[in-house]
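What follows is a single structure, written as structure tokens, with notes after it.
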């Protein structure tokens, strides 16, 4: 395991490749435009934080990356998000396959009302993985990566709903890890948790950076500055500023960003 | 996962049933026609018979069918209700083999059916016991039912307002009663109930109520059966033709009855049924009638 | 001060209303059970009914009631759940959805006698089946289906949206999500609703009068071949159910013990409905526990 | 990390993006489309059932006007009903139409306050234990077969009314009481749903202003829920309008217009059940019964339209 990440300092020296290219992305809810033509590149093995006041379009943007907006009647997107050379907004994308590679963890822990074990294996089985030994391996591996294994290894077949909120959220992360995605989208993953669980989840996210590209939406400015490498500030559907986290929090180039970060509005 | 399998299983079963339904409907009819035609001279009768129609006649035919099936174990007879009109319609459409009816098919403007009279049902006016009248003149009966007499005291009974209990317009019982007890007069408006037991209950519970019932419902004293013009409503008086309010119960077939139908109809008119099951249910044996009546209501001595 | 008095009075009125509703039910139940229980015995339940003599039971009618219900549910449940899934998950707001929803509402509010008439025309006359269990079950399906659809739709809507999103976000397809996440989570609610609907089907008479008929052929309970004429399992035989039996003996029955039999039947019917209710609650909570806790 | 990669399932990643991520024929096979088709068929069945019923009843019900030459005006406004008269049949169904409407409205008049009151009791007065008691009570009331209602009406209610109110006992009043009990569960259930789906903030806001519970209910909650409550009443009325067996036993089924609530009356449904069995298919007196069935169907549609109108108002 990589350990030099522990000190929470963004590693900026290494040149990283872009995993996602967002070009002129617009998202509409019916008549209303929620995201106004944004363009940004998301690097691999990086934590990208999206910040901004409520309703600024950051969650909408996040959900468009794995097409979760498809669920909302009347929502549609223009522009492109390029992943592996393909525009994932296009109609001929197999959304199921896409979501396996671009996983998502939600604000509220949402484990299935099944056992802990089944929570992890459910999607694997659907993907055609049936062998018990392989499933067992992946369950242990992903729970270990989600720092949950020690807490639950003796009760894998108990209901996931018997876990605490923080444990549930880590289970949800484990569930996503088990699919071995390339990108993980986190939608305020720790905002519904108590401070201790929050700390654990944050620690976990930083850990995960080594294997995945992470995009995280957060309301918590400290969190963004603590864990992210790059930060994007959204306002009223516009991408106001996108830069290294250090720069955004110490020396933003746009005035609005500074005002928001210093807590003048939001 | 499992629930989906169940779901699809259900769907399959449902569709199989629909298919089976289509086939089943067809085959069952075939066996009826085929087997009955074949078994010409052999004593053993087999096959299936579907009967529907008059709810009043249903218990009798059902009881007889039960006996008949006991004697001929290979025969299966289904007796359904539905009402005389349904029975007549279904037999003329060929949906059933025998249609039971309280009325002549001619009265319902249906022709082409063969009439088999299996029983006679006598009926008379019945009043609430507290009315205190046991005999009524036909003329008075008409006045009561047409609303010209409104209180029982006019006829020497208790001081009670008269409440009429009618049958529905299309009821055979009503038609017979109007024709032979009321001389064709149209009764005034009153409570209308179709069911004999309900009518009986209403007459029993409502002070001053009068209605009409078949003899089979007049076995106890919860209601008082009226004599008309001094003639008591008894089986003997109907048989001799003295008591005019009665009707045939018909079993109609489409065309001449087939062997099985004939065997069953013969059984219905055999002394077995006519002297045992019939009287138990309050019907009068058709075989003992000394008078005959045709569809137009003309009565002739036998 | 006045407002407070009014508040007290209103509260009193509402309590009285609740009291009236409860006492109506208690009154009805005790009336039926008091009059009926004197006649309910094992013999009553296991003797075939009689057309003319006293002492008949309700064996066939009881069996028919359950069998008709069973066949009805066999048809209704998959169709209703499927329809409910469609309405909850696939239906997009628009004209077709509007039409379907109107159809469900119309079906739900159809008088049972109209359904009976339709059944008579369609399943009795047109198909040439005559009075059959299947015809009765199909007619009952017509009025049970909208209930089942509504129950399923509500049940699926009450499953937290999060669960669906979680499943979809893992790359699981919509249909598989419905199968493995939504339906299992909604199952207790669907089951409870289904059993309650079954109670209504169980007591239905008007629609069955015209479709399943008023008679039952001689049955041989040892004959399990569903195509045999005398088998109780044959779905192409007429069948008088308990509710229809109550109606028919009360209207035309010649047996001397009409009151006894009909009161007894009514008591059995009510008890069955009560049983359905308790069962619905019990199984519902049991499954709820089982689903949320360990499997 | 190493064995993680070893799992064949994850080898998928080595396949080019185009083959992994683009839709292919396989999607058609994986049940997604099949599932959608299955449930859509279920929905289609409901449409076809409705259409079939409408067509069947429509063709049957219109025959008396087309084939038998009955005048629609006479059917809807005539007061003389005598379809089996051979010489001069009369087809005035107004008394039954009037009877159906009257008994339905009267039943709603009793059942609506009781049902809504019960709903408020369950949601506002005693949300914890009130619901626990009333909910099963309501569900059990649904389960009592209409035949049983009718019979209790006939044995208990009719004599009671005759003795205490006069008249025959067979009356609009009896019909209305029996029906109101029968539709009570419908109204209560829907009204309860309506009340409990009101946002909590409404109550809290009102209580915060110092309003009493009754003021909150009357001034805030009922006005907010009124379209849904009306829907509940209309659905109850739809059920009352179509009820046959129970009403038939207690209402008297006369062919004349009732003049008081204690008069016997007739309804569309009772005339159908009374006469259907006696008439032969295709005869004018049978066809006119189907016309009445069609009228019941049209009323169902009308009730639905009314509910539609009410729920469209709810959104405003």
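Letters A, B, C and D mark the chains as written, and numbering starts fresh at 1 in each.
Here, contacts are C-beta pairs under 8 Å (C-beta built on N, C-alpha and C of every residue); 3 or more make two chains touch, one makes a residue touch a chain.
Note that the structure is a prediction, hence the values are computed from the model and not measured.
Engineer: Work out the mean Cα position per chain and let me know which chain is farthest from chain C.
Structural biologist: Farthest by centroid: A.
Engineer: Going by C-alpha centres, which chain is most central here?
Structural biologist: Most central by this criterion: C.
Engineer: Tally the contacting C-beta pairs at the A-D interface and at the B-D interface, and name the larger one.
Structural biologist: If we tally the contacting C-beta pairs, B-D comes out ahead.
Engineer: Compute the distance, rounded to whole Å, between the mean C-alpha positions of chain A and chain C.
Structural biologist: Between these chains, centre-to-centre, one finds 48 Å.
Engineer: Taking the mean of the C-alpha atoms as each chain's centre, how many Å separate chain B from chain D?
Structural biologist: 35
Engineer: How many Å are there between the centre of chain A and the centre of chain B, using C-alpha atoms for each centre?
Structural biologist: Chain centroid spacing, chain A to chain B, equals 79 Å.
Engineer: Which chain C residues reach two or more other chains?
Structural biologist: In chain C, the residues touching two or more other chains are 78-79, 81-82, 125, 173, 176, 179-180, 184, 210, 250.
Engineer: If a residue has to touch 2 or more other chains to count, which residues of chain B qualify?
Structural biologist: 11, 55, 81-82, 93, 194, 198
Engineer: Going through chain D residue by residue, note those that touch at least 2 other chains and give them in order.
Structural biologist: 38, 273, 276, 281
Engineer: Could you run through all the chain pairs that touch each other?
Structural biologist: Pairs of chains that touch one another: A-C, A-D, B-C, B-D, C-D.
Engineer: In their shared complex, at which residues does chain C touch chain D?
Structural biologist: 3-4, 6-7, 9-11, 13-15, 17-18, 20-22, 24-25, 28-29, 31-32, 78-83, 85-87, 89-91, 99-100, 102-107, 109-115, 117-118, 121-122, 125, 142, 145-146, 149, 173-176, 178-179, 196, 199-200, 202-206, 209-210, 243, 246-247, 250, 262, 266, 269-270, 273-274, 276-277, 281
Engineer: Looking at the complex, which residues from chain D come into contact with chain A?
Structural biologist: 3-4, 7, 9-10, 13, 17-18, 20-24, 27
Engineer: Of all residues in chain D, which touch chain C in the complex?
Structural biologist: It comes out as residues 30-32, 34-36, 38-43, 45-47, 49-50, 52-53, 56-57, 60, 113-114, 117-118, 120-122, 124-126, 130, 133-134, 136-148, 151-152, 156, 181, 184, 188, 211-215, 217-218, 235, 238-239, 241-245, 269, 272-273, 276, 281, 290, 293, 296-297, 300-301, 303-304, 307-308.
Engineer: For the complex, give me every residue of chain A touching chain C.
Structural biologist: So the residues of chain A in touch with chain C come to 66, 68, 71, 73, 96-101, 103-106, 108, 110-115, 118, 122-123, 126-127, 157-159, 161-162, 172, 175-176, 179.
Engineer: Quick check on the complex: what are the chain A residues that touch chain D?
Structural biologist: Residue list for chain A touching chain D: 83-86, 88, 92-94, 97-98, 101, 124, 127-129, 134, 137-138, 141, 180, 182.
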